[in-house]
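Both complexes below contain chain A, partnered by chain B and then by chain C.
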Partner chain A sequence: MRHHASLFGLTLALPLLIWQLLFFVAPLAFLVALSFWTVRNFQMQPDFDVSNWVRIYTREVFWQAYLRSLILATAATVLTSAIAFPAAYAISFKLSESAKRWIVFILVIPFFTSYLVRVYSLQVFLSDAGILNAALGYFGLGPVLMLNNTFGVLVGLVTLCLPLVILLQTFSLNFVNRDLVEAAHNLRCGPLATVFRVIVPSAKVGLIIAALFSFILSFGDFVSPLYLGGGNPPTLSIMITDITKSGQQWPRAAVVAITMIVSLLIVAFASIRFAYKERGR
Partner chain B sequence: MTVTRDRMISGTLKFHLFLCVVFIFAPIIGSFVFSLNSDRFPSLPLGSFSTEWYRLIWEDPFVWAGFFNTMIVGFCVAVIATVLGFGGAYTDYRYKFFGKQIYMALALLPPTIPVVILGLAMLAYLSRIGLSGDLYSIIIAHGVMCSPFAMAIIRLRLSQMDPDLEAAAWNLGGNEWVTLRHVVLPFTFPAIIASLFITMAVSFDEFAVAWFVSGLHETLPVKVLGFLQGQVSPRINAIGSLAFVSSISLIVLAQMLLRTPSTRSRSASED
Partner chain C sequence: MQNTPIVAFDQVNKSFGNFVAVENVSFEIGRGEFLAIMGSSGCGKTTTLRMLAGLEAPSQGRILLDGEEVGDKPTWSRDTPMVWQSLALFPFLTVQENVEFGLKMRKVPRKERIERARKWLDRLGILEFADRNIAQLSGGQRQRVALARSLVTEPKILLLDEPLSALDAHLKVRMQSVLSNLQKDLGITFVYVTHSMSEAFSMADRVIIMSRGKVEQIGTPEEIFHHPTNRFVAEFLGSSNIFTGVISSVNGDTLSVRTKEGVFEIRNQKKLEKQAGDSISFTVRSEQLKLDLEDSKPLLNSIVATVVGEEFSGAMANIFLETADGLELQVQKPHEEIRKLGVRHNRNVVAYFDPDQCHILSEG
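Showing the complex of A and B:
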């Protein structure tokens, strides 16, 4: 009986475990090994050579791309969080239950639309002779340069992150104890003070997790930087696609990828620590 | 005085929410409009109504090839991810064991890894073991990326199941397999179908990892990426609009399945 029980359990539990070990953990582990391989005569060879790391880390282009990736992801995160918060607040505190359900459903829709198609559509909106500039033209304004610059990238990244961040923020605001808000109100705490002294601190963990997701998405995205930002200067994600698609220098792409993962892990741990830190004096 | 002020604050917040929704949906609706517009580079005022772009993709054999590849991958991924996800969800629901946290982390982490990194890792690894550059390469990769979604959906449904239901079936002499077949599967049936639809929809739109590992066997999203790199063409909008309609149909169906309380589970528990 006991034997059957374990056979049953293993049959259900193991396929997922095996699949993820074989096709998720192994590829990522292989990436680390690959970064020490060498390329000779256009052939990758198993090796233990730090030359890829030296080659990448001594190039100024790499550090510029790293800096640009960090700045873009940070800017997109701050921007998205700031735009999302009043929206999430409105959903959580000002809407009726049925309106809440509708808006949540509406905000889920973008996850199932092609990001590429949205970016292409944004190109049409933002280009010099595009929709927005034509609209500005009616008022005798513009044309304003909105494509192939940082503004374009940020528009794309905010489009990518905003629905998710609004949803995550809304969920965390839904858990804020309403009695607490009522109490603050009764103690003549103004609306803004209530938001910043009561609501934000008690929803802190969720708000930070939402921002973290936004950072991860923005840091890893290559579509907006390339097709709305012009790709120059590149970001780390663009570097990976360029190196990988243009030849056999995959070990160098692996170096860039590992650097990205380690950076993301550091950001993730730091922000989770910060999220759960007790509010000190 | 404060009432009017509160109302103003509330109105401003709702208006902000409205603007956010407009901002999020402008590109999506724009793409629809541009797909039915004659201009190659749409601007204001818009050109005339035209189904030219739809005709072009209809007549493009490469688009059809991409479409069939997308369908094959989507179906296989949906089945694989849902089977894997069901196993994972049931394991989490039923068992406590040493290392469970690691098991759960492995099961749920893939969506947090940036797709370029996942793409590169999969490409390098799969080509090393001779599995890259084909449709099954995409299926393998999408299986990894979609099973967490399947697992989450089915786990949610399992948490609504009365734990006594299974125990009752065992007491009545059903072994675990029979109970799984006649109690658990019928109860989770709506979630299983929803998971099939949602994982299929995720696979339909995934372009980055598919682009890395697919080689010459491009799916539609990879094709769209190609259009984006080459000469710009409103065919992207036409493909995007059709993909949008199919994805949304899948999601709405999944939503309806998850909302309606299952009648099948009730009949199963009466058996």
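Showing the complex of A and C:
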């Protein structure tokens, strides 16, 4: 019987296992191997040469791009979480069940349209002669530079992450035990203090996972930094495309890509560990 | 102030949309009293407690807390700590931090906060778990944490919403005595909502029985148990022998009552105002209903019924009877007597009672 039960469990897990092996682990292993190959006359050759790693890691521009990617992703995550939370709180705690369903539906709509199309429309919106500056000009202000700078990138990244983060936060807030909220009120904790003392700690795991998604999406994003940030200074994603375009340097691009993946793994691991950390003995 | 009741409900109503949860409820609670509010689910007992806690505002009527009208005053401005059915302990705080929470909200300095929390943990016998996570405690230990958290601010009143319902029977009885002793030692008012008669009757000084949003009866457990005022209370307390009929004649204290089961003579011991033509309900307790075989001589106040079941209840047996009209009766007798009579399943028997041993329900 036990044998059958475990066989059944294995069968259920099999599709995921095959998929992950085929499309995640295998390419990743290939990427690692690739990072040691060499390029001669624009031709890649299997090799075991650490020069790609040395070459990338000793270039200052790589570390600048790394830092910029980290800062952009962190800023986008903080901004998105801060903007999303009041909305998620209102949806979860203040709306009726039917209104909640409508809002969830509306939040899914942005995923219907391509992110690239949305970023192009943001370009029109944010440019010097764009709609926003025209509106500011009407009040005798501006034009304010909103494109090809950090502001533009952040607008793109936050727009990208916001619907997903609001959804994840809302779901986690829906699971907050309402008795805890009342108990806090009953112990003289006012409504605002209860948000920070009870609701946020109760929904901690979900809020951190939502922020993690935002970080992962922003850190690897290539569209916003390129089309709204002008691609200069580069982020790691932009750097990868630059490297591959110049002289077929796929092995060096692989070094950057592996660095990104490892960084995300560390961030993900640390945040999940933090999320599930328990108090007391 | 000492003589005024700590709580007074005055014609309080609460409705949610079209649903009336609490209707015209009035009662008072004395200082240091242990009051239980009892009823089946949806009877309005929890809503009544929540209005007292300030978690719901009454739709109509006045609620006085310690002489002050509290009506819309939110729960965070009142001093009415509550123990939830789910206990509502904060899982992200340790035991000690949970107990300190109310003190922290009152801006009690850290040192004093820790001291007072530890004092209460000690008093409830859970000081050794102070640094534990809530998830690592047993049901009974959590119960004690919830009590400590509510009592640490030394309130005049404690509200409890079915706090023992999740515990197993053995632990329930133990916690009942913990609660009883605590209430006596502290001398503060406990308001205890429950659907369990054994909890209410074993702990409370007075019990309020509610149904469909209304108060059915208020009294000491003794009064309610022995003198239910209406059919609902009698049925709720498990009285099974309830007769309803119309008074056909009054002769001093003796009333003749015509029911579907025949004409009975009963004694109006409480000297209630009753006249011929009034409708009336009365009960006969199962241990006071007597039993004989069908072919015996005619008896006063007798009913012919069929034995439909038998149940053991310690030294006693409960015999379930049913009349031809479908009235269910219950008789409690020692096993010995049952055996001597030769009571068997499906056998017809005569149940009868003394006019002095019935209880008239004053509200008909």
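General observations
FYI, the second predicted complex is superposed on the first by the 253 of 281 C-alpha atoms of A that agree within 3 Å, B and C clash if a C-alpha of one lies under 4 Å from a C-alpha of the other, contacts with A are read in each partner's own complex, and residues count from 1 in each chain.
Following the convention adopted for this analysis, contacts are C-beta pairs under 8 Å (C-beta built on N, C-alpha and C of every residue); 3 or more make two chains touch, one makes a residue touch a chain.
Predicted model, so just to flag it, every value in this text is computed and none were measured.
Once the two complexes are overlaid through chain A, chain B and chain C fit side by side, free of any clash as defined at the top of the document. In the overlay built on the shared chain, the residue A:W63 is in contact with neither chain B nor chain C. Of the two partner chains placed by the overlay, only chain C lies in contact with A:G190; chain B stays clear of it. Looking at the shared chain after the overlay, A:F269 reaches neither chain B nor chain C.
Taking chain A as the reference, the larger set of touched residues comes from B, when chain B and chain C are compared. Residue contacts after overlaying the shared chain place A:E182 against chain C, while chain B stays out of touching range. When the shared chain is aligned, chain C comes close enough to touch A:K204, but chain B does not. Between chain B and chain C the least C-alpha distance in the superposed model amounts to 8 Å. Under the contact criterion defined above, the residues of chain A that touch both chain B in one complex and chain C in the other are 191.
Residues 53-55, 74-77, 80-82, 84, 86, 88-95, 97, 101-102, 105-106, 131-136, 149, 153 of chain C touch chain A in their complex.
Within the complex formed with chain A, the chain B residues making contact are 6, 9-10, 13-14, 16-17, 20-21, 23-28, 30-31, 34, 41-45, 80, 83-88, 90-91, 94-95, 103, 106-107, 109-110, 112-126, 128, 140-141, 143-144, 147, 151, 175-177, 180, 201-202, 205, 207-208, 212, 221, 224-225, 228, 232, 236-237, 239-240, 243-244, 247-248, 250-251, 255.
Of all the residues in chain A, the ones that touch chain B in their complex are 4-5, 8-9, 11-17, 19-21, 23-28, 30-31, 34, 83-84, 86-87, 89-91, 94-95, 103, 105-110, 112-125, 127, 129-131, 133-135, 137-138, 158-159, 162-163, 166, 191, 213, 216, 219-222, 227, 237, 240-241, 244, 250, 253-254, 257, 260-261, 264. Only residues 177, 179-180, 182-191, 193, 198, 201-202, 204, 278-281 of chain A touch chain C when the two sit together in their complex.
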